[in-house]
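Shared between the two complexes below is chain A, which has chain B as its partner in the first and chain C in the second.
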Partner chain A sequence: MSIPSPVTHSESSILSDRTFFDDFASERSWEPGWFADFRKENWEKACKLASPLRDERWRFSQKSRLGFSKVTGLDSSEESISFESSDPSEGVCLRKLDKVILEEPDLLGGLQEFSGPGLGADESFHFARAFFEAGFYLKTNRDATVKEPLFIEHNPGGENLARFHLNLIELEPYSKLTLIERLSSSVGDSNGFFTNLTMIKAGEGSRIERILIQELNSQSTFHNLENFEVCADAHLSNVAVHLGSAQTRVESKGCLSGEGAEFDISSLALGRGKQLFDQRTMQHHLAPNGKSSLTFKNALLDQAKSVFSGLIKVENGAGSTNAYQSNRNLLLSDTAKADSLPGLEILANDVKCSHGATTSKIDEQELFYLLSRGIPRSTAERLIVLGFFEEVIEKIRIKDQLESVRESISNSFDT
Partner chain B sequence: MSTSNQIAVDREKGNFHFETDYAYDAGVGLSEDVVKYVSGVKDEEPWLLDFRLKALAAFEGKPLPTHWASKDLENINFDQIRYYLSKGQKPSRTWEEVPDDVKNTFERLGIPEQERKFLAGVEAQFDSEAAYSRMKDDLEEKGVLFMGSTEGLKEYPEVFKKWFGKVIPTSDNKFSALNSAVFSGGSFIYVPPGVKLEQPLQAYFRINAENFGQFERTLIIADEGAEITYMEGCTAPKFETSTLHSAVVELVALKGAKIQYITVQNWSNNVFNLVTKRALAEEEAEVRWIDCNIGSRLTMKYPGVILKGRKARGEVLSIALANDGQHQDTGAKMVHAASETTSNVIAKSISIGKGRSSYRGLVEMPGRPSHCKNNTECDALLINAESETDTYPAITVRGRDNSVQHEASVSKVSAEQIFYMQQRGMSEPEAMSLCVNGFVNDLIREFPMEYSVELKRLIDLEMEGSVG
Partner chain C sequence: MSSLNINNLSASIEGKAILDNLNLDLPAGEVHAVMGPNGSGKSTLSKVLAGHPDYEVTGGSARLEGIELLGLSPDEIARMGLFLAFQYPIEVPGISIANFIRAALQARLPEGESVKAVDYYKQLYEKMDELGMDRTFTSRSLNEGFSGGEKKRCEILQMSMLEPRYCILDETDSGLDIDALREVSLGVNRMKGPERGMLVITHYQRLLEYIVPDKVHVMWEGKVVLSGDKDLALELEQRGYDWIRNEVAA
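Up next, the complex of A and B:
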């Protein structure tokens, strides 16, 4: 019988070590002064975070799995972000963040006001702002319509290494854009820690469709923090597909700050093994006539676990709001587990808000129908899962992306 | 639509106070001595004093649940509350024996004497002790026990001790611990196997001393195949400073038993009503909580059912009405601990003026039991622009053979409906009242007739002046 090794109570990671940060900062001493201050301020905030014994924002989650305690360093090696051209079309400016820091740091002046989703993952938020080295900066000009979708690829860090990406997207009024981000591990089996912090501001009357496809390897820890600001009459649609990682924390917050803003967010996650998907969302209505809709679908096999916690908050003054939130979980094994915390906080009366949450297994009759037509059980289950996800998949309106997602889901049943 | 002039007609009805000579009074504040005093007055056995003292330690050790609940809880000053008060009277057997001033209070409450004669058994609680307790002879013949908590533990320990504090452990939460330390009053009921009570048992509760917390303790045991409906309704006089009400209600439904527990809560607007209610349902048993919250400053109440036996069924039907200065934080808990258990939760809330209503729910299916089903629906209606509502359900499901569905919606009264009725000659307030009554009508129908009539009237009163 083996004697368990003594438990080391080092919940804090190397990232909060002062020498480690100082070394990091001195390597980047070429950055403008306000950058150094910004990093330091955030690093200090991350280190000072009190972790209350019971935090509602982490309810049902396995917080220890999502921490940085196993991180041994930062991965600043090779390129971790790639896209085809820096000025893909007229009226749009797309730059790697490291280039912007080097050449035009003033473009990032808005960084200070750039708040996170603030739904619990304060540590990774502040670490991301302290340690970011890559990411992208994207801005469209007024009235510009970007016809071809932009395609960006993120690669997380290597074994035990953390990588932080910071992405700033700004749409000037009346511009249009479609953006696809794909996250995949370049190194086969490394347990990288990847944090992707994104801020999108959709200016008045603009339209953006963003698609995020996450296919990290099965050892990765992933934090996806996103904050969307939707101005008057703008339309922001976000579709996320989560197929990979060992554990993922998603925080998505949409602020409908202008009259007539529309926010549409959907997500699908297919969990197997011991995968954990911890999803926190907020639809924050601050102005009248806003419309928001949320659809989060999780299908869980083996011992996979999902936590969905969403809130629709309607402030007083956000009259004629129409908000919807739906969380559907499909349990495909006896040990899969789904927690659902759909929430409403309504402070205005002229509203139409509703939410629905369901958790169940595959419908026996649907299964029977397929079986009775000679389709093997495993194929039948795959078809039903694909059908279950179709509502989200069909929102990806780019044909080859849509098909590749379908294929990935389908293939994951073969292994 | 103007929002001024929120008339709280019903508040004034309870605005009276009789000088009462409190023969036993433990003073203000909470300490070990107070607990010993309460136990001593009741002449309790040592194990019960031990139980109380442990509970006091648990209460002191627990923080207020403000990490999720309303910060208003911090306004309770536990040192300014009276924890025990009693007339020192034995529960009266006949109406004639009830002291005149107590009768007077009930008169003002408007409980007609005929109704009491008509109903199977009425136990009215005056402050801590049962002032009046009577059962019809035929109930006694059936072996039904219906008495106060002190009496129950003293006279029938073999019946009640077994389940006392078992459904809701002392340290379940801060307020159940508080209740366990200083409880007095409440009902203990035992229904023998196979006995089906056709008429509901009733208890009226009443707070009647400034800063006096009422900590009643109720335990209802329905033995195999027994059926019982219990009704509790309360009003309280209006006081200057806040009053705390923290009850613990435990229900035990043994195999095949049915318990229906009906509450109409209409405390005055300064009462903190922090109640723990939970039921245990054995095989094929059925427990229904029917809950209506109209009064109080802050109510926190989440009736729960632990579905412990196969095919057990739990249900919570809840109506909440929050007016200015009120927060109705209500909900339901369903724990599916056995296979083929089902539960149903229907909650409707109405927020008027600056009132706030919250739904907080918990549904748990831990995995090993299978074929469990839950359905939850919560609808909220907002009347005025400052009205608030929240919904915070928590659903945990493990395993593929269970299914849960939850739905919630928030809306205001449809302008089209109001227009339709106005067009047919109704005034706007009338139309509004009708809409609101229609909104809760399917739930109100579940209440016994006399309650549903009263409820409709109460809703009309609350609605007065909120529109127009």
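Up next, the complex of A and C:
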């Protein structure tokens, strides 16, 4: 009697083809040996991954939409990342990753230590580490305060092409930084696959505000994988705005590794058509007196879908933790759908943790109130959605960025 | 003559009849009060005229300057010039008062034109000063966390910015202390004019000491059963609504 296999293999992708990988590796034979090993090791891991039929980490998602089976090659454009200046201010070093690989590969020595968010998208994580060709490296010196925000643009593209960006951000103790990343497709209607793997280490007493604005084209598949480490007394704030893509998988993990660390993460996503936003988060408290706060808001029109799964995990020894998690979903059509899986795992005493998830339709009384002032229904819905998102938008403390986000949200109702 | 004509209006909610062949004429330039006990259908009348989707119109008509309102969407009715000041203004998180009123004004402009920010704020601040509202209100979320008095002032502010032809004030006096009542009434009185009709719905005569009506209508079980001049309000106050009950029964 044969026993049915408990695993299936995802549809094969050219990325798992040995010849394809070998060709890629041989083109990059100029890289240091440890680099080649790193790529190969990750490629093998990606290829060996089994996907269990029931994987909690993909619950309620549409995993098949987020795979790489349609990829026909890599987008190797040199223009996929850009910023104004490589040494934007004293005490800060900003480099394109391809330059670093070529000129100062030793800066990337810490690469292996960084793990991914590990919340389910292992395939794209390992592919990113195997195939990355671009991204950025950003480091602040101890005590450096970067007064002006840094802007970085990601412009992946190419029909059926995959692009992997790897971004390393390290803040030395007591440095301060504001970072704005904008993601938009280089080609208007190409079916591109973009994976953005970011690792941020906020050293002791440092402070970083990061804003990520995603306006990829409506055909794109996007994986946004983030791993944040927040050291003692450091403060990391991350605001994400997701307006584009056909399907997006977000994995954000914050590790509060030092005493008194603060981690504040918020996100808004506006879904239209058949857009999918699949969001997995973890607030991982490893040290005492940490504070984390998460606010994820999704507004969904048409047949858009969101999945939020978030875990607050408080390890034994992380006493006096204060952790908060909130997921709010607003449905603007009967065919939109939101699933929410909040979770708590607490192994320490004396902690304050709360979480809440709500999914609701537009409030008819609110709508009537707006209509009764002569505001047409479409404008009223737009105002209600903007109002719903305001809690996240107002965390963007750079005025022109805040206005442009409001405008982008508003404009996306016109198309 | 310009007017708001309500003829044999009947309406129900969830199958329960509330308005029953109600008749009322409000000519432009006049202020009429509608009084009546709780449950007589006063608030229903205001909501039906404003096009609230929960109510079903089962008969009759309501014409604004000769044009039928019933069956139009609430935003169309508002743009035709009818304004309803809510008894319980709705809290809308995340939308500032300034943006809200601006969107309402914008909706009244022809396509391609837009509200000019400088003129808009000048006018908004003037009206706020008149109503004794702090300017920080403009950036606050609409009605969110407002006191009863603040909410009602905000309604009058919207009304004065939008300059409707016909105003319905639904129990604007409820929840107001005497100072707020005076300020709100002054705001309403400033809007009186030969071109504008006002329907003041109230349970108590108190409001009518500040906003003096040209006519008073008394509602009972979904219809207007008695109309008179402003003295009718005083009489009602003295004799109570039981008096109407007996009149209707007689």
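Heads up, the rule we're going with is that the second predicted complex is superposed on the first by the 404 of 415 C-alpha atoms of A that agree within 3 Å, B and C clash if a C-alpha of one lies under 4 Å from a C-alpha of the other, contacts with A are read in each partner's own complex, and residues count from 1 in each chain.
Convention: a contact is a pair of C-beta atoms (placed from the backbone, for glycine too) under 8 Å apart; a residue touches a chain by one contact, two chains touch by 3 or more.
Source: prediction; values computed, not measured.
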item: First, second, both or neither for A:Leu111, with chain B first and chain C second; value: neither
item: Which partner reaches more residues of chain A (counting touched residues only), chain B or chain C; value: B
item: Touching partner for A:Glu364 - first (chain B), second (chain C), both, neither; value: second
item: Contacts of A:Ile398 with chain B and chain C, given as first, second, both or neither; value: neither
item: A:Ala246 touches, of chain B and chain C: first, second, both or neither?; value: neither
item: Which superposed partner A:Cys47 touches (first chain B, second chain C, both, neither); value: neither
item: Touching partner for A:Ser354 - first (chain B), second (chain C), both, neither; value: first
item: Which of chain B and chain C A:Ala25 touches, first, second, both or neither; value: neither
item: Which superposed partner A:Ser372 touches (first chain B, second chain C, both, neither); value: second
item: Footprint overlap on chain A, where chain B in one structure and chain C in the other make contact; value: none
item: Contact set on chain B toward chain A in their complex; value: 67-68, 367, 370, 380, 382-412
item: Residues on chain C engaged by chain A in the complex (per definition of touch); value: 50-54, 73-75, 77-79, 83-84, 86, 89-90, 92-95, 99-101, 103-104, 106-108, 141, 158, 162
item: Complex contact set, residues of chain A against chain B; value: 52, 54-56, 59-60, 316, 319, 329, 331-362
item: Interfacial residue positions of chain A with respect to chain C in the complex; value: 364-366, 368-377, 379-380, 383-384, 386-391
